[in-house]
Amino acid sequence: MTPLGPVAAGERAHLISFFLWMLPISLPILIGTPWIAMRYRRQGGKGKYDPTWSHSVAAEVVIWGGATLTFLIVGWLTWGHVMGEDPYKATGKEPMHVKVIGSEWKWMFIYPGKVAAVNRLVLPENTPVEFDITATGAMQSFWIPRLAGQIYAMPGMGTKMNLTTSEDPSQTYGFNSQFNGAAFPLNKFEVDVVSQEQFDAFLQEPKHPFAQLEKAFKKTATWSGPELFEPPEKGYWGKVMMNPDMLSDGGAAILPDHAPEQKKIDDAIREELHVSQNQHQGDAQ
Amino acid sequence: MSILGSLDWNDIFIVPFFTDPSLSTGIAAGAGGIVVLGALAVMVLLTVKGWWKPLWSNWITTLDHKKIGVIYIVLALIMLIRGVLEAVVMRAQQVSPAPGFLSVEHHAELFSTHGTIMIFFVAMPFLTGVINVVMPLQIGARDMEFPFMNAVSLWLSIGGAALVMASLVVGHFETGGWTAYPPYTGIKLSPNEGVDYWIWSLGLTSVGSTLSGINFLVTIYKQRAPGMKLFDMSIFAWATLCTAILMIFAMMPLTVASLMLALDRQAGFHFFTATQGGNMMNFANMFWLFGHPEVYILILPAFGVFSEVIPTFSGKKIYGYTSLVWATIAIAVLSFTVWVHHFFTMGQTAHLNAIFGIATMTIGVPTGVKVFNWMLTMWRGKLRFSTAMLFSTGFIFTFVIGGITGVMLANPTIDFATHNSLFLVAHFHNMLIPGLLFGMFAAVNYWFPLCFGFRLDEKWGRRSFWLWMIGFYGAFMPLYAIGLMGAPRRMAFFTEPAYFPWLVIAMLGALCVLAGLTAQIIQVWVSVKNRESLMVPAGDPWDGRGIEWSLGCPVPEYDFSTIPAMTSREPWVDAKEAGKRVMDPTEFVDIHLPKPTGMPFLVGLVATLFAFAMIFQMWLIAAVGFVAMWVLVLIRSYDTDWEETVTAEELREGYEAHKRLVETTPQIRLDDEFTTKNRGLIMETQV
Amino acid sequence: MSATMSNTGAAHAASHDHGHHDKTGTVIFGFWIFLMSDLIAFSLMIANYADAEWHGIANGPSPHELFSLGLPTIETMALLISTFTFGICTLGMKYGASMKRTVGWLVVTLALGAIFLGIELYEFHEFWTEGNTPQVSGFLTAYYSLVGLHGLHVTSGIIWGILLMVQMKTFGMNDLIKSRLVRLGLFWHMLDIVWIALFTKVYLMGVL
Amino acid sequence: MDYINSDVGMDSAEYKHDMARYVWGFALSVVLTLAGVVIVAGGVFSTGLAWSIVGILGIAQLVIQFWAFMHLDFSKEARPDLYLVLFTFLLIILMAAGTVWVLADLASRMGMGAGSM
């Protein structure tokens, strides 16, 4: 829960403020219950017994009033938070655009006109970014916890998410949080926030042809191939959004028993674990 | 196409283990084996002991609301054992070195069945059972308004549960969680029969629950003892009324959504397909139109139970009756206005999110009022910590924590960071276990004597409480923590080393809960063994306040020999204060009780057959089953001789016998409440 | 279903009246509640239809292209007359009309219901043979299932009515049968009310 | 309320009174239905206006039929049914209108045009 960017930081701040605002009305219960239980116990309790005491206008006012007041405060805060932090709203001037396609257990990132990447998201530091998100196959949820909260990725639809990257270079990861089948635990990607120069260098890295990506993306369940490709033609992402089937082979979320795919996924899981156990050390917060 | 539809050899539980032996298939085969062996063992036991006949004539054919209630609770307990074992296996899976001993899909089947079972086949039957036993007794009725329909509801629920159990033996269950969102659960991504199991088992129970809701509502509306105004009813009866309304109106969206999903899967329709104009978001929308009111269906009866238990063991009138009633009504109505909070992250506008977020928070107000009312009921009382009271106190304390986290989730900007995370999982278990389950445990401990005539063992009861309480904190507080670190739900394994210590604590907590459950089983066992010394034939073993305690224990089949006169909100307390130990009889008249009939059982059986056939696309068998179901109903409609009479004379004798018993039972002091001296009719002595 | 599951009350009232409350009324109230939960199902289907009509056309026809008003209007009239004739039937029954008259009006009602159903099926058939099956688009899926669900209700109403006529022969017009007839009446009237909503939403607004 | 038996016969004033209610309900329903058809077929009004008028006519007919055929009114006997129906309609507004609202709101942010999702 250590935020790297302002959006995630805001979310954390709200969480803490909500917790604090609810303490005044919760503490009387959390402290009062054990206290009453001790004081008024039948054997050994010191409290005065009053079996008919069952109504008090003052208490009613305090209870209803206190609860209503708490509600008004948290409700008011909520309105402000939500209106201020619509994920569709850009977090700065002229955000950088990245198009995202979630698929069965891998993510494609398209930097329009520049590069397409699989399972690897590289962003320049301290930059507002807008993601356009869609999916093929099942519903997914696009989430980079240390940078911003999640938003669903759905076939046939496009959603948006905005964030600003960390001020300094950093490394983190993102994933899909909506269960979608056999390799769900592997459905994640690396996120590198780098300096502007490094980012420019990244765009210049050698690339494979996009056709190769498209073909392999359809066929493979989990990705272990190269990561960088030529960008697709303009409007490609929109086409996938309208017609998700063009980038998926009909899906394989539940594989028939003994499908060869399943073996591959199991192997991929094992392989991944080898890598990630060494790599993610210290990345969790 | 074969008459057996899509059923094939590989669907039989044991086969995959031989063709592809692994720990995962081994566990599946083992689980299937337990079901089969368990069923066989029960059958052998019944045969050896010669219990088939009594089982049939005393239980299966019964239309008595108390017995139906007991069967519901037994169903809940059986399913609960499966749900708990699954939970413990999941916890174990997550602490074993990744990727653990289960395949991802097998783990998915576990959380899907665990969630489905706990909600629909543990929680729902549990609360329906408690309502069945208690509510008619509290409003002075002799039975549910529609006893036959009541039994049909029961057997439909059992049929649904049987299907979920069958999925262990034949085929698979689905893997999309208890929420089963398409397109994942569409035919393309989930081609096997798992989702159909989900659809049809829920189909059966949700029809059952809707009918139960109608039954409860009409019973409360029409069957209250003469003179009992709505605002004279016990809080539990009020909770039932509101639950019933939720059941009637909230089950429908689920039925509609799941049948649409069935059409998509089997008939190629496009309700939820991504291409060709379907809209999967409407599934989520309809599911939560049901799902959110559902969680209040689960909690309101528990609230009702606490409102009965706490005054009794505080020796005090309930604080703020009117407030409590209005708060209950408010919760019921508001629960229909907040469903969007389950998908704040779907991409809707900020306005919509804000409106639904704030609407959600309004529920905190009536709920908070209720919590304070319980506290103030204890205030200035003389508290006796029976097992039921311990569960109630533990509830108040722990529930507030879950409520706070619920309100946090209700802020969409916070939800963006906690949705689909273990924080959410911790929130809802925090509501379901110390809320719903503790309520049901309190209910069982409190009202048990009404059904069986003896109390439950207190020593083991208290032990179970402490194990549950500690186990709960151990199992779920860590999930709040790693949830905030960004651990998603429904993960088969985690690779972040930082989560590991927390997961170990969670595992230990789950084991502690398991120990609590074991203590409960021992409690029942010990109590049955010692039932002679725990008998409370004179009734009212806890100086209770509701009119159900004016009856002897166990309660006779006709419940009340004469319908009690309602002179105030608590006529039984008034009677006791006036020095009486039985309520004055009103008028003895002949009454009619429904005769036992096997018909509801048959309806349930045929409906289950129909559903099973639908799952495996055996259309012919399904059609036959469907028609047979209605033919049975038709046959029943020709049956006009379905009542038996209990004469006024018998009722008078019953009353006199109870009176004699009461008069010969020595009065004992509250201090001896939990000792074997307690034979019923305990009272605070005026020393 | 409730015809029989809740027959408790009716027969009770039939055999003896023992005071505390009116069982027939209770059963009918229970049936009202059932109807209301059914209404929720219809309203959700309508909401789904409204959404699908809006952006679920895909490659299929739009409502404008698909519907015309002629047949649906006749259909609507048939159902409307039938709900009226059912009213005549149950009203007469309450005021002691002969069984013959009651059965006669019931037959008229069910026949009108059958005409309604026939037209609906004819329309389905037409659409279907033009290739506009429910598998074509979200909109057509919604259309067939919404109108079809109503049609299924009408079908079960007709079957129920026929079975009830058989029971009238067997039992005579006792209170039990009367109570069932009244419940079937409520069911039938409710179907007409639901149809008003469907006719308005699907056809009238669809053609606009 | 006694739904099924009356002390008097079909020649009574009560019967005529009850019958009148059915006849009124039927006549009004016919008129309203045909009015809707005429408005749509006639094409005199703009689409938006015709849409609203047809909607109002539908709702009016709904109310009339509840009154005429299902005996819903403000009398004491019909009150429980009336409350039940009103409550149901409250829920229908919440659920059905809520559904349409939520789905339209979502669609507005997802680039979903008519004809394609």
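Letters A, B, C and D mark the chains in the order given here, with residues in each chain numbered from 1 onward.
We take it that a residue touches a chain if its C-beta (ideal position, glycine included) is under 8 Å from a C-beta of that chain, and two chains touch if they have at least 3 such contacts.
Going by UniProt, the chains are B = Cytochrome o ubiquinol oxidase subunit I.
This is a predicted model, so every value here is computed, not measured.
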Exercise for the section: Select, from B-D and A-B, the pair of chains that is joined by more C-beta pairs in contact. Expected result: A-B
Fill in the blank from the handout: dist(centroid_CA(chain A), centroid_CA(chain C)) in Å evaluates to 48
Fill in the blank from the handout: Expressed in whole Å, how far the mean CA point of chain B lies from that of chain D is 38
Problem - Distance between the centres, which are taken as Cα means, of chain B and chain A, whole angstrom - result: 33
Handout entry: Computed distance of Cα centres, chain D from chain A, in Å
Key = 46
Problem - Shared interface positions of chain B, touching two or more other chains - result: 221, 249, 253, 274-275, 277-279, 281-282, 286, 289, 346-347, 349
Exercise for the section: Quick one: which residues in chain C touch 2 or more of the other chains? Expected result: 29, 33, 36, 40, 44, 48, 51, 55-59, 138
Problem - Residue list for chain A, restricted to those that touch at least two other chains - result: 88, 154, 156-157, 159-160
Exercise for the section: Go ahead and list every pair of chains that touch. Expected result: A-B, A-D, B-C, B-D, C-D
Handout entry: chain A partner contacts - residues on chain B that touch it in the complex
Key = 10, 16, 19-20, 98-99, 103-105, 108, 175-177, 181, 183-184, 188-192, 194, 274-275, 280-281, 314-321, 323, 343, 345-347, 349-351, 353-354, 357-358, 361-362, 364-366, 368-369, 371-373, 375-385, 393, 396-397, 400-401, 404, 407-408, 410-421, 484-486, 488-499, 670-671
Fill in the blank from the handout: Seen from chain A, its contact residues with chain B in the complex are 1, 8, 10-12, 14-15, 18-19, 22, 25-26, 29-30, 32-34, 36-37, 40-43, 45, 47-56, 59-60, 63-64, 66-68, 70-71, 74-75, 77-79, 81-83, 85-89, 137-139, 141, 143, 145-146, 148-152, 154-157, 159-160, 175, 177-185, 243-245, 250-258, 265-266, 269-270, 273, 276-277, 280-281, 283-285
Exercise for the section: Give every residue of chain C touching chain D within the complex, in rising order. Expected result: 22, 24-25, 28-29, 32-33, 36, 39-40, 43-44, 46-48, 50-51, 54-59, 69, 73, 76-77, 80-81, 83-84, 86-88, 91-97, 138, 175, 178-179, 182, 186, 189-190, 192-193, 196-197, 199-201, 204-205, 207-208
Problem - Complex contact set, residues of chain D against chain C - result: 1-6, 8-10, 12, 14-15, 18-19, 22, 25-26, 29-30, 33, 36-37, 40-41, 47, 50-51, 54-55, 57-58, 61-62, 65-66, 68-70, 80-81, 84-85, 88, 91-92, 95-97, 99-100, 103-104, 107, 112-117
Exercise for the section: Would you pull the chain D residues touching chain A in the complex into a rising list? Expected result: 109-112, 116-117
